[in-house]
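Below, subunit A partners subunit B and then partners subunit C, in two separate complexes.
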Partner chain A sequence: MSSVDLLLPLLIAVPILAATLPIALGLWLDRTGWTVATLTTSALFIGATALASIVYTRGADVTHTLGGYSREFGIELVADQFSMLIVLLVTAVATGVLAYTRRGGPRGNTFYTAYLLLTAGLLGISLTGDVFNLFVFLEITSLATYALVASGDGPEAAVASLKYLILGTIAASMYLIGVAFVFMATGTLNMLELADAIPAAESQTLIHTGVAFIVVGFAVKVAQWPLHTWQPSAYQQAPDGVTPLIAALVSTASAYAFGRLIVTVFGVEYLTAMPNAAAVVLTIGCVSVLAGTILAVIQTEVKRMLAYSSVSQFGLVIAAYGVVIAGRSETAFIGAAIHLVGHGLVKAGLFLGVALVARSYDARTVDEYAGLAKSRPIAAGAIAVLLLSLVGVPPGVGFVGKWYIALGAVQSELWPVAAVIFLSTMLTLAYAARLLEKMYFTPSATAERPHAPAPVATDGGDAGPDDSAAEPARDEPGAAIAAIRGDRSEAPVSTGMVAIVVLAALGAVALGFAGGTIAELLDPFLTEVIN
Partner chain B sequence: MVADIRPLAAVLVSAVAIVLIVASHRRPNLREGWSVVAALAKFGIIVSMLPAVMDGTVFAWSLRESTGIQFLSGIDFALRADPLGIFFALLASFLWIFTSFYAIGYMRGLDEHSQTRFFASFAASLSAAVGIAFAANLVTIFVFYELLSLVTYPLVAHNEDSEARIAGRKYITYTFFGGGVFLLAGTAMIYWLTSLVRSGPTLAFEAGGMDALAAAAQAEPVYAQAAFFLLIAGFGVKAALMPLHSWLADAMVAPTPVSGLLHAVAVVKSGAFGIARVILEVYGPGLIHDLPLDVPGIGTVGLNIPVAIVAAFTLTAASIIAMRKDHLKRRLAYSTTAQLSYIVLGLSMLHPYAMVGALFHIPAHAFAKLTLFFCAGSIHVETHTDYISEMAGIGKRMPLTMTAFTVGAAGMAGLPPVAGFVSKFYMLLGAGSMGGEYWLFAAALLLSAVLNVAYFWPVVYTAFFESEDRHDAKPLLEFPRGGLVESYADRSDADVAADGGQPTDGEADRSDPERADADEDGTDEYAVDEYPSDAEVPGGEQVSSVDHHGDFDDHLTGGPPADGWPRRSPSTETTWLMLAPIAVIATGAVVLGVGPDYAVFLDLARQIVGGVFGLPFEELTAVPFDRLVTEVST
Partner chain C sequence: MIEYLFSHYTYVLVFVLLGIGIYMVIASENLVKKLIGVNLFQTAIFLFFISMAYIDTEGASAPIVPEGGVPLNVMVASPLPQVIVLTAIVVGIALTAVGLALIIRIYAEYGTLREDTLREVRADE
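For the complex of A and B:
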C-alpha cells in the first residue's frame, strides 16, 4: 500500500525533473525534446491510469503526506474520485497533443521544457490537498503558459502573453489574498482541516472576505466575462501546437480547483448559508454563457471563435457550481465534472483540428473553411463530430454534461438558470453551425475570395468576368483550391495529426455513453462532501 | 416484455448501410444497391416482429441489460417494439423501399451532385426515424429526435446554393429549438416531477400514462402543465404546428424524394408520433383531462383543449395558404402542415374514436402525400415544371402520373374510397361523441376537406381539362382575390402572336408578385440556360439538367414546349424507377381506404387505443367518455 501513494508525488515530480532533460541533453543532441516529452507523458498517463483504477475500485482516497509531516503542518497530496478525472484528462491530452507537435511544431528543446512544466503544474493543481500549495501550482502552470504563448510568431504573441501575465498574476494574487484571509481566521492551510475549521471560526467576516477574493481570482483564471479578456488573444496567438493544450487544460484545471474549494474546503452547506454566494456564482456563470456565445458568433477567426466558446462553456460549469451551492445539488456537480472533462477533450480535438487545417491550407478564418469537407473529408468529419458534441447533440459528451447541469437546475427549481442552460444549446449551435455550413455546404473559392484565379484577367474585363470566374471554381473545386492554396499544399500533415483528431472525436462520442458510469464513479465522493 | 435484439437491429441496419454506401461511393450501382438492401432488411426485421406484437408481445432491448453501460444515471438507453412503435416503424420502413427506387430514378434523372452524401444521409434518417419509433423512454426518443434533425440537415442544404443554405439554417434552427430546448426541458421536468413521488424517477413510456407522473401532477400541477406544453411544443416543431411551421415550406428546396419520404412521412410524422407518445403514454388521456388549466375569462379547460385549438387553427390556416401557392411542392408542403394537424387534433380530442382516426391518418396521409410528392418530382424530372400555372394540359404528357396525383388528392380531401376518408370519418365520429365545443373541431375538419378540394382540384383540372394555349387564371388562387379581367389565355395568345412562337417568353413577365420575385432570383440561371425545354423536349428526349431542383430558380425553365405537350403513353412517360413506386403507393392508398380491416394499420391503431384505455377497443364504445377517463386515470 505504501508504494501506491508514492505515485502521487511521482506524478508531479517526474515531469518537473524531466523538464530539465531537454535543455541538459540539448547540449549534446538536437531535438531530444519530443522524445523526452513523449516518454514522460506516456509514463504519466500509465501512472495516472494505474492510480485511477486503484482509487475507483477501492472506493477510497489515496493520500500522501510529503516528508512525513502530518497534514496540520505539512503538505498533503490527495487522489480522490474527482481529482482523478482531471488527472486522467491532463495526462491523456498532454500525451495526445504530442502527436501533433512532432511534425507540426513548435520545435526546440525549450518548448518541451515548458510543456513538461505545464503538465507538472496541472497535475499539481489536481492532486494537491493544500490551499497554499494550490497557489504554487497555479503559478507554475501560469508561468509555463506565459512562456508558451510568448513563443508564438510575431509581436502579437508577446502582447498576448504580457496581457495574460498581468491579468494572471493579478488573479493569482487575488486568490492568495483570499487564502491569507482564510488562514487568518482559521490558522490552517490544509483543505480537510479547513473544512472543519471554517464553520467553527470566530471571525466569519474574514472568511467571507476571503471567499470574495477567491471567487474573483478564479473568475479571471477560468476566463469568465468580463474578466476573460486575456484568454482569446492568448489562445489565438499561441503556436498552433500549444493552443490545444492550453485551451483544454489550463482553465479546466482552474475550474476544477474552484470546484474543489467549493465542495471540499468551504463546503456546500456553509456556502449555501452564506448570503449572496450562490447568486454571485450563478450570475457570473449565466452571464458568461450568454456573453461568450455572442462574442463567439461575431468572430471571423476560427481560433478566436473557439476561444470565446470556451468562455461560454466554462460559464456552464460555473453556473453548475452555482446550482450546487444554491440547491445543494449532486446532479449539477456531476454535470460540472463531466462537462469539465468533456469540454477539455472536445476543445483539445477542435484546436488540433484547427491547427491541422491551418497547417495544410493556412486557413484561419471561417470563410476560408469553405469546401473543407471535400478536400479533407476525414478531418472535416472529425471536426464536425466535435462541434456537434460541443453543441450538445446526443450522444456526444456535451449532451451528458448539459443534461446533468440542467437537471440539477430543474431539481433546484432555479428556472432562469435552467432556461439559460437549455438555450445555450441554441447559442452554441449559432457558431458551430456557421462553421459546419462553411465546411460542408459552401463550395470553396467563390466570389468571397478577393484574389480569385486567373480567368478574370484572361478574358479582358468583358461583361461576364463574374460568371466565368465563378463557374469553373464551382465545377472543379480542386483546381481552384490548388490555385489558391498551392504554395502551401506541400506542407505535410502527418497521419498522426489526423489520427489524434479522429481519436478525440471518437472519445467525445464514447464519453457520451459514459454519463451513468462517471456518475457512479463520483458517487462516493459526492455522498461524502454534499450529504 | 421480451428481451430481443431485433428493435436494435432494425435501427442499426441502415446505420450499417451508411458505411457501405460511403465505402462504395465510386460505384453508383453498388451504392444504390445497399440502399435497397438496407430498406428490405429493415422492413423484414420489423415485419418479423409484427405478428407477435399484434398478439400483445413487446420486444425490448436495453443498453444496460445487454452491455452493462448506464447511459445516464437513473436512465437507460432502451428500445422497445410495442404496438405504437411498430406502427410507425412499419410505415416508414415500408415506404422507404419504394422511395429508394424512386430516389435512384430521380437523382440520376437530374444527374445530381453529392449523391453519396444524399443516400448516406437518407439511410441515416431512416435509422433515426425507426429509433424514434422504438424509443422506450423520453431520453432515448430525444437522442434520436436530435439525430434526425442533424442527419436531415444535409438533405435540406443539398443544393449548396444560398437558397438551400438559408433553408438549411432555418431548418436546423427550428428543429434544434424544438428538440434541444423544448423537448429537453420538458424531459428534464418530467424526470424531476417523477422523482418527487415514491415510485421514483422514471421516463419510460407506459400505455395510458406514467403512474408516477400522475401522482406527481397532483402535487405540482403547474409544473406538470408546463412540462406538457414544453413536450408538445418540442414535438410540435417537427409536426409543423403553427406558429412553428415555416421551416417545412422552405425545406422544399430539398430533392423531391426527401420532401416525399422525410418531409411528408418520416420527419414530420416523428413529430406527430412524439405527440402521440406524450398524450397516450406519458400523460395519458385521463391525466390530461383531469389536470385542468385555469384560463382567465373562460374557466377551466382540459390540457388538450389548447392543443386542439392550435391544431384546428393550423389546419384551417395552412389550407388557406396552400390555395395561393403556385409552386406545386410548396402547395403540397402547406397541405402537409394541415394534414399533420389532423393527426394532432384527433389525438388531442382524447376520444377513442378520434384517436384511432388520428393514428390511422398517419399511414393514410403518408401513402397519399408520398404519391403526390412522387408525382411532383417525376413532373420535375421529366419536364422541369414546378409551377401549377404551367401545368395546363400536362395530363397528356404524363397520364399515369397525373392519375395517381388525382388519387392522392382525393385521399387528402378525404373522399372515399381513398384512405383519408376512413381516418377522417373516425375523427368526426370522435368529435361527435364528445359533443359540446368539440363540434367546432368537427366543423374545422369538414371545412378543411372543402379547402382541400379547393386547392387540389385546380391542379387536376388544369392538367386534364385545359390545354397549353387555352387556360384561365384561377380566380381564388393566383391573382388577387376575386380575379383579374385578363387571363393566361389572353396574354399568352397575344405574346405568341407577337414574338413568333415562344410562349414561355410571355410567361416571364406576368403580373403576379411571386413571379416577379422569381424573375429576380432566377436571373443567374436564366443567363446560363434559358430554354432547356425548348431545346430538347420536342425531340422527345429527357431534359438534361443544369442544376434545377425545384424552386424559384428554375421557374423560367418549366412549362410546356413550344408545340405543346407531346402525348405519351403510361409506359413511356418516365422511367419505371419512378413510375412503379408511384403506382404502388397510390394503389396502397386505395387499398387502405377500401379494406382498412385487412391492412394491418387499423388493427394496430385499435390495439394501441385499447391498450391506452385498458379495454379492448370494441368494448370502449359502450363506455361513456367521462367514465372512461376517470377509470383509466385511477
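For the complex of A and C:
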C-alpha cells in the first residue's frame, strides 16, 4: 500500500533529477543524453503501467500527500482513472519519440535535459491535485517547450519561440488570476477541497470571474481559435524530432487540465447552473473546429497543415467539454478522453512520419509528397492509416472519439454541435485527402530525388535503411562534415524511425477497438463526478 | 461605489497595472518592452495575491510564530499567498531569462529589436 503511492512523486521527481544527468555526464562523455533519456522514459513507462494497473484493477484512486502535510495545507498527488490515461500517453509517446531522435536529432545533451524536464512537467500536470501546483507544472512544461522549439535550425525558431513564450506566459498568468479569485472566495487550493468549497462559497461573483479567467487562459494553452496563433509557427519551426512530442502532448496535457478543472474542481453541476458557461465553452470549441479545419485546408506546408488540424481537433475536445457542461453527458466526456489520447497518438505518429519524409527527401510541402507511396511504401502506408484515423474512418481511434462526442451531443439535443462534428469530419477529409492523393495517385513530377546525393564514401555509398554499420563511421572527426551531409541525404532513416511510425499507426487502429474498454475504465470516475 | 473602490484601492491599482502590462505587450513594437510588459503583468498578479492576504485589523501582524507558542486570539496575514508568490516569482524569473535569451538570439540574427522591422526583414528573406 504505502509503497504504491510513492510511485506518484517518483514519476515526477525521477525525470527532473535525470534531466541533470545529460549535462553532468556531458562533461566527460559526449553522447550520454539519448541513453539517459531512454532509460528514464522507459522506467517511467513501466512505472506508469504498474500504477495504471493498480488504479484500474483496484478501482480506487492512489493518492500521495507530499511531505506528510494534510491536503488542506500541502500538495496532494492523485492518480485516478482519468489522469492515468494521460500519464500512459505521455510516457508512451516520450519513449517512442526517442526512437526517432537517436538518429534524427537534435543530438546535444542539453536537448535531452529539456526533453526530460518536459516529460516531468507533463506528468506533473497529469498527477497534481492542487490548482496552484498545476500552474507551476504548466510553466515547467512551457519553459521546456520554449527551449525545445528554439533549438530548431535558423533564427525563425527563436522568433516562433518568443511568440509562444509571450502568449504562453500571459495564458498561464490568466489561469493564475483565475486561481487567485477562486482562492479568495474559498481559501483553499486543493482540487477536492475546492469541489466542496466552491458551491458553498459566499461570494459567487469571485468564482464566476475566476472561471472566466481560467477559460481564457486554457483557450490559449490549448490553442483555440483565435488564440491559437502561437501554435502553427511553433510546431513548424521546432526541430523535426521535437514536433511529435510537443504536438502530441503539450496541448493535450493542458486540455486534460482544463477537463479536470471542469469535472473535478468546479463540478459539472455547478457549471451547468452558471450562466453562459456552457454556451461560451461550446462556442470556443465549435468555432475552433471550423476555423482550424478551414485554415488547415489552405496550407501548403505539411507540418503547418497538421498544426492547424490540431487546432480543430482540440476544438472538438473543448466542444465535448461544452456538451458535458450543457447536457451533463457522460458519453461526451468519454469521447473527450478518448479523443485526447487518440489525437495525441495519431499526431505523434503523423509528425514522426513527416519528420521521416523530411529527412529522406527534404519534402515539406504537400506537393513534394507526390509519389511517396512508391518510394517509401511502408512509411506512406503508415501515414495514410494515421491520416484516415484522424479523419475518423473506422476502426481508427479518431472515429471512436468523434462517435462518442457526437453521440453525447445528440443525446443532449445539441444539434448544432453534432452538425459541426459532422462537418469537421468532411473538412478533415478535405486536407487528409489532399495528402493521400499526392502520395498515392500523383507520380513524382520532379526528378526521382530532388536532392540526389553523391554516394558518400564513409557510408559505403549504398547503406540501406538499416545502416547501423555506418554509425561508427560518422564519429570519425575527419569525415564528420561529409558524413553528416551524406547521412542527411543518403541513408538518413533508420529502421527504428520507420518502426515507430508503423507502431503509432497500429496503436491508432488498436485503440479504435479499445474504445469500449476505455469507456469502462473511466466509468467509476464518471459516476463519481457527474452524478 | 466610489467609496467602495477607495477602500479597496489596492485591487484597483493591481488591475490598472495588469492593464498597463498587457497594453505594453500588445502595443509596443520593441521586443524587450514586450517582455517588460509581461513582467509587469505577472507582478500585478503577485501584488494581487499579497493584497488579498493583507488584513487591516488592530493588532494584526506578520505570520511569524511568536516565542512560547501561538496565542489563540492573534490575527496574522495568511502565509499561503505569500508562499505562492515566492514560487510564482521564481517561475517569472525563469521565463524572463528564457525570453531574454531568445531576444538576444533574434537580435544577433536580424540586428533589430523592433517587431515591425523584424517583419520586414523576415518578409524579404
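The working rule: the second predicted complex is superposed on the first by the 486 of 531 C-alpha atoms of A that agree within 3 Å, B and C clash if a C-alpha of one lies under 4 Å from a C-alpha of the other, contacts with A are read in each partner's own complex, and residues count from 1 in each chain.
The definition used in the following text is that contacts are C-beta pairs under 8 Å (C-beta built on N, C-alpha and C of every residue); 3 or more make two chains touch, one makes a residue touch a chain.
Bear in mind the structure is a predicted one, so any value in this text is a computation, not a measurement.
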Task: subunit A residues touched - subunit C or subunit B, whichever exceeds - done: B
- [ ] May I ask you to decide whether A:Pro155 touches subunit B, subunit C, both, or neither, giving the answer as first, second, both or neither?
- [x] second
Open item on the list: For A:Phe183, using the defined touch cut-off, is the partner it touches subunit B, subunit C, both, or neither? Pick first, second, both or neither.
Closed with: second
- [ ] Scan A:Pro394 for contacts with subunit B and subunit C and give back first, second, both or neither.
- [x] first
Open item on the list: Quick check on the superposed pair: does A:Pro443 touch subunit B, subunit C, both, or neither? Answer first, second, both or neither.
Closed with: first
- [ ] With the two complexes superposed on chain A, say which partner A:Thr425 touches: subunit B (first), subunit C (second), both, or neither.
- [x] first
Open item on the list: Between subunit B and subunit C, whom does A:Phe213 touch in the aligned arrangement: first, second, both, or neither?
Closed with: neither
Open item on the list: By the touch definition at the top of the document, which applies to A:Phe132: first (subunit B), second (subunit C), both, or neither?
Closed with: second
- [ ] Please work out whether A:Phe82 is in contact with subunit B alone, subunit C alone, both, or neither, and reply first, second, both or neither.
- [x] neither
TODO: Name the residues of subunit A shared by its contacts with subunit B and its contacts with subunit C.
DONE: none
Task: subunit C to subunit A touching residues, read off their complex - done: 18, 22, 25, 31, 34-35, 38, 41-42, 45, 48-49, 52, 78, 80-81, 84, 87-88, 91, 94-95, 98-99, 102-103, 105-106, 109-110, 118, 122
Open item on the list: Quick check: in the complex, which residue numbers of subunit A touch subunit C?
Closed with: 73, 132, 135-136, 139, 142-143, 146-147, 150, 155-156, 158-159, 161-162, 165-166, 169-170, 173, 176-177, 180, 183-184, 187, 189
TODO: Write out the stretch or stretches of subunit A touching subunit B in their complex.
DONE: 334, 388, 391-395, 400, 403-404, 406-407, 410-411, 418-419, 422-423, 425-426, 429, 433, 437, 440-443, 467, 513-517, 519-520
- [ ] In the complex, go through subunit B and note every residue touching subunit A.
- [x] 63-64, 69-75, 77, 139, 142-143, 146-147, 150, 154, 157, 160, 164-165, 168-169, 172-173, 176-177, 180-181, 184-185, 188-189, 191-192, 195, 527-528
